[in-house]
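Shared between the two complexes below is chain A, which pairs with chain B and chain C, respectively.
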Partner chain A sequence: MLDATLFAGQVFNGFSVASLFVLAALGLALSFGLMRVINMAHGEMLMLGGYLAYLTYLIVPGPMAILVAMPVAFLGAALVGGLMEVTVIRRLSSRPLDTLLATWGVSLILQQAARSAFGPIGVGVTAPDWLNTGFAIGSLYFPSTRIFILAVAVAVLAGLGLLIARTRLGLLVRAVNQDRMMAAASGINTRRVDLAVFCLGTGIAGLAGVVLSLLGPVTPTVGQSYIVPAFLVVVMGGLGSMIGTTAAAIILGLVSALSQIFLDVSMSQVLMLVFVIVFLQFRPQGVVATRSRALEG
Partner chain B sequence: MKTSATGAICGAATIAFAFSAAHAEDTVAVGVLQSLSGTMAISEVTVKNAEVMAIDEINAAGGVLGRQIEAVIEDGASDPAIFAQKASKLIQNDDVATVFGGWTSASRKAMLPVFERAGSLLWYPVQFEGNECSPNIMYSGAQPNQQILPAYDWAKAEGKESFFLVGSDYVFPRTANLIVKKHLAEDGLALAGEQYVPLGGTDFSAVIAKIRAAKPDVIFNTLNGDSNVSFFKQMAAAGMGPDKVEVMSFSIAEQEAQAMGASLVEGSYATWNYFETLPSEANAEFVQAYRTLHGADAAVTDPMLHGYLNVYAWKAAVEAAGSFETDAVRAAAVGLEVDTPMGPVSFAPNQSLRQSAHVGKLDAEGRFEILWSSAAMIEPEPYDALTFPGKTCGFVGN
Partner chain C sequence: MTDHPLLRHAWIAVLALAVLAPSLVSSYDLNLLGRFLAMAILAIGIVLIWGEGGILTLGQGVFFGLGGYSIAMYLKLASLEPGYLPDFMEWSGVMSLPWWWVPFQYPLFAVLAVVLVPALFAGLFAWLVFRRRIAGVYFALITQAVALTFATLLTSQQSTTGGYNGLTGFTTLFGMELGTDAANRTLYWVTLGLLVAVFAGSKWLIGSRFGTLLRATRDGENRVRFLGYDTTPYKVVAFALSAVFASIGGAFFTLHAGVVSPAFVGVVPSIEMIVWVAVGGRKSLWGAVAGALIVNFAKDIVSSAMPEAWLYVLGLVFILVVTFLPNGIAGLAEDLMKRRRERAAATGTALLEEAQ
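And now, the complex of A and B:
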């Protein structure tokens, strides 16, 4: 019954879904890991990235527009994220439940703003021709858009890994992550580190919005459809660990894609939720346990 | 800001005053209840426009039984509970003679008990899954045997032998596909696959992999809303655009095609009872009238036409009955021929509309080229005989 081609195709699709999950979840994991902030407006950063891609396409049409759109969306989303951090999150930093509600409010405001600016109907971003092809190996077909998204995810992960491991900013982030009070006592400006990490996280969400626009419409509520899986990935990954987040995204992507060989999409989502619940029963600390003072009450 | 707000309040007060003064024996109130906000607004606002246009036309021509129609417009806000609430409000507070409205099956199911309790009448304009029959609803949108089965028969006649069913996960696609499956089994044709995606779902990678593996002759698509964009985009990216794999859609009309970007769905098929491109003088006038009011590029769709004809059917029934009484109106409406932009139609005793079905192919402008039309008017059947054997409309013949 199990068709080898379908199976191989679904393994590829699993990684493709995982690459979207990673891009959507990384920012959440970063800000939760470092600041214990649950940013409910994270999905709206994806949406913002999508609309920025759309605007970029209007201003610089042509085959390379997507390559222009990516830095534009990254910077745009990072800028809005930075504004949010300075005006809302920083002021509520010791009250996690209040940040939850406040960022949810920001999410509603941003959704309504998009609805007013662009209308309730989604806008379309047309993939350039060089992304509108694909290649076949035997009877397996690999759409270029999916490969492109995988490549973006890998590049973002590699870049982030280098940033954390090799740069001065990375050193500061690791220091604050391990012990915020000691870091502050040794003269690190923790607020600036928070700001930088939050901007970075929302910027990555903006990038995710650009690649999402290759697969579906950009609507005021597009972020909502990715925020739940993104939270699942963060929780399962071990709250704030980059490696854990990546591993959890791959596991969930494969669970979702492979279960869809037998089930339809609705049922496979149910299965995915059940899988996460069962997984957390046996390993409540997630895939990778993060040891951090920031996470200790 | 301040001046304009004050201006608006003054304006509203003037209008309210004008209404209360005019609310006398020379007017009759009717409700118009569609979603003017929320996800369904994109589709339902245009139906509201068409219903209001019919009311204005009738008023300009002298009204109903010598009375001007006063439309009380309410927003269902894409929420079934609000539809039920607003329906009660229209019947109890505004004392309306009847209500035109609804779109989703969920909104209709929520309003149904309200109309049955109050003994009032709802005119429902959208195609639906059947399997329901209330004496308090006039169903002018297609029953399954007026949209899904004609599409199936057309595909069968075209020599299609394997069918793949893709739909959003809710009552309309599930019931529609149940009917299609019964007919596939009866005719010995192949069901190549059946897949459901949650409403608003965006990931079609597995669905597309299965379509590729199954190589169906045709896909029957009952996806709703934005999911369609994701589906067609990802199909195209997988090298299976509408020019390579034939797709028959049941929730994509002119409005949706143009909003999605016509190039995405160009070459795909749809089945409706009305297309903007139906060649008749009455239709040309209707489309022209709507465009004069709402812009030269405005799309005109099947549900809009049904909303528009509902108002005229109600007027004809009221005049035939000589009364606004619900029971008299519904009795008079059955069998009464009404002229519409898609030709003369009438309601069957089960209070659904007798109408033709057409298959169209989308062109680059998001308009349909009509490929096939049913030979005659199709009698509406709320209960498909193969799928729901023995079920009939309870009230017919009482």
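And now, the complex of A and C:
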């Protein structure tokens, strides 16, 4: 019934989907772990990254444009994220549900702004030639774009891991994560740490937007199609844990890709949601729990 | 809101105006008003779960859709010549009515489905989630995923749900011809009556012991637990009730609008429903009704004048209301009243001192 090539191909696809989920969810998980707020405009940071990639391609054509686009998108999205943090999120820091709603307002405005600026249909970004190849093992074909996405996800994870474990900023982030009051009492400017982490998170989303632009057109609503699975990854991953987020992304990526052997896309989406709810029956605290959810105020 | 005798009885005037509306406004406006009153029924449900229960749900569109589709399936079947299938099924080459469509040819089943399907679905879902103490942001995100999934499912199962276009083209309801002036009026009054009933019922519920425990759960769930209560049933019941209200709203909306489609059930419409209540006031029943009417009339006006502008307006209003007016228009009105009362009290004291 189930032939091995198809299965192996879907496993590869699963990891490829998982790498998109990781890139989209990492920033969310970071700021959620630290500040307990969910940024509903996070999907629009993906979109922004995509459009910045498109603009970079217009200015610097050539095979290496994508390598220029990535830092541009990172910085652009980080800047917009920083603005959001200072103007909206900081005011609402004690009301996490309201932050969620206010950032949704931001998301609407950004989507409509993109529609006004670039049109509703979306713009295409053509992948450079060196990404238009691929290689085959037996009858399995591995397109380079997919491998590139995997590589970007691994690189971002490694970079972030080093940043958290080895740098001064990482030390401050860990301190605030463990005990915000004690960190503030020992002289850490927690607001600045919040801002830095938020910028970092939205920057990663911008980077993810560049990667997404290789897979399809950049539309005003491109972020929306990735953000809900990314939310599920955060819910399933556990509070602000990088390992948990990565594990949840891989699990959900595999569930999504493998179920599509038997089901159509919409039914596979249903299955993914049911899977998360069932999973939470057994591990309500998520894949990796640093703190219990049970007695959260 | 109840300190001035004129204001205390203002609701009588509002209700009288609402009852007389069919002879006061054009039939187009009456149709809009009917739709928005149906949405106000849903808004009251959001006050129960979000205002009183403190549980943010971003999936009310799902229940709105369950009610809308339940009644629409009956209407679709009732509008057919015997022996025929709904048009979109014939276009997709479906040969016989799918089993889950069959019972909807009976009006009683459709009406029961409007109430029971969302109650059961919401109850089971909420019980599964709340029993594991998943709350707050997590719950909001999961409900949003439910909304997305439901809308995707409706859109993709074109041959049995009507897909992107949804269900439309209804002609009769319980033997009454739809679209006539008399039918529109009757529908309007039934919607209004139901809204009043749901309003009164919710007011009673909020004042009851159940309401007290729900608010206590919102403000300090662990304290309520430590007092020996199991909070899960209260949250489950509140969520299921809000789902039933959403479903009833969806059914009546479908009757007024003559169409139901995935565009009413997805992520964005579900959050728009929260916007109505945020603008009106999440802790106030009349605020929620007013919010549903104000936001929807504003949407009608702005989006027909400047279609581009509506999303900017909606986004900006939402940010401002949530940031500066967390209790919406109702909260603002209450603050103003309170200030006036305090001023009056201050003048009174001053006069008294002068007299002494």
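FYI, the second predicted complex is superposed on the first by the 292 of 297 C-alpha atoms of A that agree within 3 Å, B and C clash if a C-alpha of one lies under 4 Å from a C-alpha of the other, contacts with A are read in each partner's own complex, and residues count from 1 in each chain.
Criterion: a residue touches a chain if its C-beta (ideal position, glycine included) is under 8 Å from a C-beta of that chain, and two chains touch if they have at least 3 such contacts.
No experiment lies behind these values; they were computed from the predicted model shown.
Considered on the superposed chain A, chain B and chain C are sterically incompatible, since they clash. Applying the stated contact rule after C-alpha superposition, one finds that A:Ser266 touches each of chain B and chain C. In the superposition on chain A, A:Arg91 makes contact with chain C only, while chain B stays out of contact range. In the superposition on chain A, A:Ser16 contacts chain B only, with no contact to chain C. When the two complexes are overlaid on their common chain A, residue A:Val228 makes contact with chain C while staying clear of chain B. Of the two partner chains placed by superposition, only chain C is touched by A:Leu100; chain B is not. Contacts of A:Gly124 after superposition on the shared chain: chain B is touched, whereas chain C is not. Look at A:Arg146: by the touch rule set out above, it reaches chain B but stays clear of chain C. Only one segment of chain C in 164-172, 200-208 or 272-280 runs into chain B in the superposed model, and that segment is 164-172. Common to the chain B-facing and chain C-facing surfaces of chain A are residues 264-266, 269. Chain contact summary for the complex, chain A toward chain B: residues 3, 5-6, 9-10, 13, 16-17, 120-122, 124, 126-127, 131-134, 141, 143-146, 212, 214-217, 219, 221-222, 225, 257, 260-261, 264-266, 268-269.
On the chain A side of its complex with chain C, the touching residues are 32, 36-38, 88, 91-92, 95-98, 100-102, 104-109, 111-112, 115-116, 224, 228, 231-232, 234-235, 264-267, 269-270, 273, 276-277, 280-281, 284, 293-297.
Remark: chain C residues 56, 125, 128-129, 132-138, 140-142, 144-146, 148-149, 152-153, 155-157, 220-222, 267, 271, 274, 278, 308, 311-312, 314-319, 322-323, 326 touch chain A in the complex.
Contact residues on chain B toward chain A in their complex (touch as defined above): 39, 41-42, 169, 194-198, 200-203, 205-207, 209-210, 212-213, 226, 229-230, 233-234, 236-239, 259-261, 263-264.
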